[in-house]
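A single structure is presented below for examination.
Chain nomenclature is as follows: A, B, C and D, assigned in order of appearance, with residue numbering initiated at 1 for each chain independently.
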Amino acid sequence: MTDPLVEVRDLEKHFYERNTAVDRLLGDDPVSIRAVDGVSFDIHAGETLGLVGESGCGKSTTGETLLRLQEPTGGSIRFDGDDVIDLEGEELRSFRRDAQIVFQDPFSSLDPRRTVGGTVRDPLDVHNVGTRESRQERVRDLLERVGLSADQYDRYPHEFSGGQRQRIGIARALALEPEFVVLDEPTSALDVSVQAQILNLLSDLQDEFDLTYLLISHDLSVIRHICDRVAVMYLGEFVEVGPAEEIFDDPQHPYTQALLESVPRASTDEREREVETLSGDVPSPRRPPSGCRFRTRCPVVIPPSDLTVEQEEYRAIMDVRDRIEDRDLDLTSVWEAVADGPPSPVRSRVRRLVGGGPATEDASRGDSDPYRKEHADAFVAELEDRLLEDSLSPPHDQRLRESFRRLVDGDWEGAAEHLREEYESVCEVVSPALQQDDEHPVACHHSEQPRSVQETVRDAGKTTPSGQRGAGDGPD
Amino acid sequence: MVSDRTWRNLAVELRRSHLAKLGLVLVAFILFVAIFAPVLAPHDPEQTDPGEANLPPLGFSETKTETTSEMVDGEVQIVEEEVQIDATSEHPLGTDYVGRDVLSRVLFGARTSIIVGIVGTALAALFGVTVGLISGYYGGRLDDGLMRAADIMLAFPSLVLAIALVGLWGRQTKKYDDPFQTWGLTPDMPEHVVVPITVILVVALVNWVWFARVARGEALSVRNEEYIKAARATGKRDLELRFAHVKGIPIPYPGGIITEHVLPNSLTPILVLATIQVAAVILLESALSFLGFSGANLSWGLDISQGRDYLSSAWWISTVPGIAIVLAVVGINLVGDWLRDALDPGIDQGEGGV
Amino acid sequence: MSLGRFLVRRTLQGLLVVWGVITVVFFLRLLSPGDPVTFIAPLDASPELKERIAEDLGLNEPIYVQYVEYLGGLLQGDMGYSYQRGLSARSVIWARVPATVELAVAASVVAMVLSIPLGVVAATRRHGPADYGATLFSLVGISTPNFWLGIMLILVMSVQFDLFPTSQRQVGFLESWAHLVRVDFGDPSISFPLRVGSFADSLLTWLQHITLPAITLGTYFTALITRLTRSGMLDELGKEYVTAARAKGLPETLVRYRHALRNTLIPIITVLGLQLGTLIGGAVITEEVFAWPGLGSLLIDAINARDWPLIQASLIVIGVSFVVINIAVDAVYGYLNPQVGYE
Amino acid sequence: MSRDLLRVRDLTTRFFTQEGQVNAVERVSFDVREGEVLGIVGESGSGKSVTALSMVDLVEDPGRIVEGEIHYRNAELAEAAREDTPEAVDGEFVDVRKLPPRHRRALRGPNFATIFQDPASSLNPSLPVGEQIAEAVEVQRRARANPRSTRSRTQSYGLGKFLLGGALPGKGYLTEESKARAVELLDLVGIPDPAERAEALPHEYSGGMLQRAMIAQALAGEPDVLIADEPTTALDVTIQAQILDILRDLQAETGMTILLITHNLGVIARMCDRVGVMYAGEIVERGTLADVFDDPIHPYTRGLLGSIPDVGSAGGRLEPIEGNVPSLLDHEMDDRCYFADRCPKAMEECLEKPPEFDGPGTDEHAAICYLADHEYDPGQALPEDYFEDGAGGETGSTGQAEGVTADD
């Protein structure tokens, strides 16, 4: 294997909110959003690596950070052997000649005030390649090559359709004859029929100029059509990487499986196909879940080995536990519901105004003790009814009620601890990781994990299915 | 630079809206008057003629009872006589209390207003847009700092700050000889055009904040467009010195992303604000000269102020220049609306301040 | 982020701006030609008086010492001394503030009451007579210099029809109260012969006096808000959530007032804050035209008389009051727009 | 087969923009059966969204519904309309277009409900979500409270009430019952902890949750027909699956009829019984799902199906449809099959408009194309660059017509 054209190790990109001068004065510590949190991958010359994931998972940020359009906060990037991160001035500009990008939105990627010819010629002017005439000549060839006609040189972007504008964007990217091109959702904004034209053009260009692509997309069918290898991303981390056929025909990570299952197929038998949809929403990157970040939605989260529980029920219990751990419960409205029926508009309006956010100050502690004792059962019942779709089978229902009882006096920590002893999963304690230089690494405790992860699991006194039954037979 | 679509939008909007047509006509008229005042004016605006004082405009000749006191054989007697004062075609809009021709003064007043309006706004735009673009494009602490400075400037109403500054710097003016005079076309007209320098500087200093805010807003939104990222991806610098060789002479000009991509795409709202600002500046200039802070000798505000004491006897001295201001400012505002509706209906309505 | 935190942030930013205002005003003096003493002392001041002023204000010390002293004085309410009038700047200003406040409030009330409904009607009945009327009125309104409008009102109302007294604010709303409670207002330069008569009588006089100036000052403001309301409403009515509200079957009036108008008012309030400068600027001129004994005319007299300490004090009062009002406007904005703090 | 609920005949909507007249929807006819999911598929610029808006009379300036009838089977409505607008009534069907505007507006909510593509911009950003749903409930409660004839235009809510409502909480438009019902609806569409979430603002919701709230709001009036205009286009694929499941369950439980409009053929396959394919403002092919997907007649449908990369198999090269979507500007559309300039099987005869559907009532698989009744005859084929120099050439047609807003 020749060494890869692009080598990325533990790439990180964190954004900081609320750190203006006034915030610091107010003592607000800046909130860090870990958009890209330590991803590693290689791309070999002539190969197309697909980067797939839902919106907000950090795939576009990865693409832009790779090209230094955004400054990485950690990790290393090597392009053609030399390190990209500390490139400055002239060296950075020459790196840019070899690595280019095509953007998503045809209406925002072209400067409306400049002619099409001017836009494609811009890179050549910046690096003053050849003479003014030779540049114009080159631009005319490029326009023809991407399927437009040379005499559209002096037209403005508003005179072209979405598909034609993407072709102009591609022509601009190829102006400096790069080796590596990042395609950031090149066809997401296009109609299906036009998308096919662009995808064909991209693969023709790859063969003709032996380009290396990093294709970023949320559309799995586009990824499957073009890519040789695929990396699946979730909330800033890679969960699975591998050759396209293996990822699509035999996905290992529960998230990849759910992703593939959710895509509706355009065939007549699609109606009868059983689809097990993922529950819940993507958590906020400001407070990613501990351990495996997919555990809050994972349909096969691993219960402690000594506990016998149905996955359905375990998922419900884990959802309740997440909310208690994050204190994401408005106890005041529960008390109101218990005390006098539906919450009165005035009080809730005032509470929202004074900033009584769900998790911060807890008005219930203000009520006198005997009042709460007497209403404790009603409080527990109301909480149970709100949080659980259908009641749990014993002994779990009892255990949860005990935990809710602790919430009666607002003891968040006690309630969380009570459930943690019994139901804590390895998934929330130990973060799975990708096996280095493995053909098809999977960051999930159901699959073979690197040595370091196995040790942490053992230290935490947990066990994983793969640990017991050896590698790669996937979840039952 | 200006694409044919922009011209087409302007033409389409012009055909559609009558107000736009009215606006263009008014502005064209005011500009024409301001440039050719010496040729158009029937009299020298500064030439006084006590005999012809307080003549009413055409169509308003009136009879007035005048009371004069006379010494008639040793006692003071009040004699009332009916006096017939007729407007003359010599002075179509009448004369002021020292007999100067009101029409000529209004024509020359246009010149001062337009000069202050355009030059003042241009200076404000130059400074404001530069600050706004830099602050919006780079953001962060620089942006915070600049915007706090703008807030401080905004804390003073434009007129208040203007008066204070004029109070400090005095009412300096500069004389430029009138081109028509140097070509000998208008011998009996005043040789010099008196330009109130302090007022122009003050107006620019007071209004640059509106340009900074609009430019910053535009730069903030344009900065995230993908064509800016694409430009950076090709290695283009934000700002770099470029030399354009005009007939062999290298003329330096600022190149790079900010001037070649951010500025052109922020021009429309800046252009619309500029038109509104010219109108606002004309109002401000007339207010300053009304309060006696302008130093320009031929200004609409000054005439209105001088006519205040003769309201009951010669109402037209104050009224006519006022109407001229309203016509000019309405015209310019209509042109501003036309530009906004045609080019970028989405611009918010943050009117410039007076 | 709750409303409370948002207000604290805005107040901090406001204090920063207030400090900026004071600093700018203090150093404005350096822009003037000539040495400070001749600049501050009254024109006819004798050399000894000049010496005393120089020593009194510490003009010989380095500038930053003066600045710190000046700031210290300000904090204790000492806003400088007007040598020309022989009065402390604070008392002179304090006596003038009620007149300006009265005028500004009267003008804003006129503006708000007229312009919001006018703007809404113009937006909802597009291309109808109301729309053209409102557009024309608001266009002429913002294009008319308010001093000329004042003079024309005087010409028409007082000279021709003698409806309203031309000038000299006889009795203020506050004074008519004072008439009842016997409060003395220090500054002799305000002449207000307190006529004995019923409260209603003095109120009527007050109304007579304030109508013309209020209309003069209020016209520009009314025209401006009408234009803002109209375009704001048109903007909101074009948005998708209005179409969705109609798709719910909501009656048009509900869509207009509960949804579109409410969202239109929110940005207008912030622009109002900014435009307050225009109101105070306009007040300066209106007071000059109507000889209204407010802060504005005081400032003009001070500038004409080159009474620098008084100019300095007036600028600071105007600047600081502007910033304080803006914070209040932000509070209303925060209450109305629950999204605040998240943007 | 279940009975027809809706019969749309020759629906035509046009936008009168400065660039000229845009024929967004051109004599569209289709039927909707009770309890079925009818899919309308088409790319941007095909007029599918304008069709949806035209059904609920929400086409705003500069657009106007020029002609067309929408017959809606509703016995009670037919009875009520028989007195003042007899010409609108035909048996149990009422032509909604002929009802006075006020009565047409009254149909939105109890009879027709609509959900839109981008939930974030379909809700008022400064009002809590629960309150906006309660509004929809309140409108229906007040509508039902007084009989149809005396229904007040403003439901007694004018400017005065708005000012009062803002000040005194009790006085507002909403009542306790409508707020409680809103919470129930939120629970019905699977939003966790609905009582508390009802008070949150739209920006505190994720895309998926917002779309659920929109569905809850649509259910407020228990409508006969739910018109879903690209309901999942703005959502990620796992969230899209959740929303499609909710729609399927609701449809199974309430037997509600759904008119689903989307460009995603996968979504159509997953949800719809019958399909209409739209191109350049016309329905060019219609039939059951199996007919249209397994043996499509119209070359456009075949082109569409051919150009989708299939996630199931790593197919070879895609066969795209060449050229661009026509601009729909009246002066640029000559009277021929609008797809001819992009059609691989274009023939001489295609230069005249192919025949309309015969009887739209029938259920069989049909397409507006000569290939429907006879084979492709290469002899008659149009030369390759026939449309190159003509108006329809690739460079000739300008970009998207600016004036057209809601059709893509």
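In this text, a contact is a pair of C-beta atoms (placed from the backbone, for glycine too) under 8 Å apart; a residue touches a chain by one contact, two chains touch by 3 or more.
No experiment lies behind these values; they were computed from the predicted model shown.
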Contact-graph separation of subunit A and subunit B, given in steps at minimum: 1
Pair exhibiting more inter-chain C-beta contacts, B-C or C-D: B-C
Centre distance in Å when subunit A and subunit C are each reduced to the mean of their C-alpha atoms: 52
Whole-Å separation of chain centres (CA-atom averages), subunit B against subunit C: 24
Overlap residues in subunit B, where contacts from two or more other chains coincide: none
Set of subunit C residues in contact with two or more other chains: 13, 338
Overlap residues in subunit A, where contacts from two or more other chains coincide: 158, 352
Of all residues in subunit D, those that touch subunit C in their complex: 53, 56, 58, 60, 105-110, 113-114, 116, 118, 121-128, 135-136, 139-140, 143, 153-155, 157-159, 162, 165-166, 173, 201, 203, 214, 217, 220-221
Subunit B contact footprint on subunit C (complex, rising order): 13, 16-17, 20-21, 24, 28-29, 31-33, 135, 139-140, 142-145, 147-148, 151-152, 154-155, 159, 220, 224, 227-228, 231-232, 267, 271, 274-275, 277-282, 284-285, 288, 296, 299-300, 303-304, 306, 311, 315, 318-320, 322-323
In the complex with subunit C, residue positions of subunit B that touch it: 19, 148-149, 151-152, 154-160, 163-170, 279, 283, 286-287, 290-293, 301, 304, 307-308, 311-312, 315, 318-319, 321-322, 325-326, 329-330, 333-334, 337, 348-351, 353-354
Complex interface listing, subunit A residues touching subunit D: 54-55, 149, 152, 158-164, 191-197, 199-200, 203, 218, 220-222, 224-225, 244-245, 248, 258-268, 270-271, 273, 275, 277-279, 281-282, 319, 329-330, 333, 337, 342-343, 345-346, 348-349, 352, 358, 386-387
Subunit B - residues contacting subunit A, complex: 1, 3-5, 141, 144, 225-227, 229-236, 261, 264-265
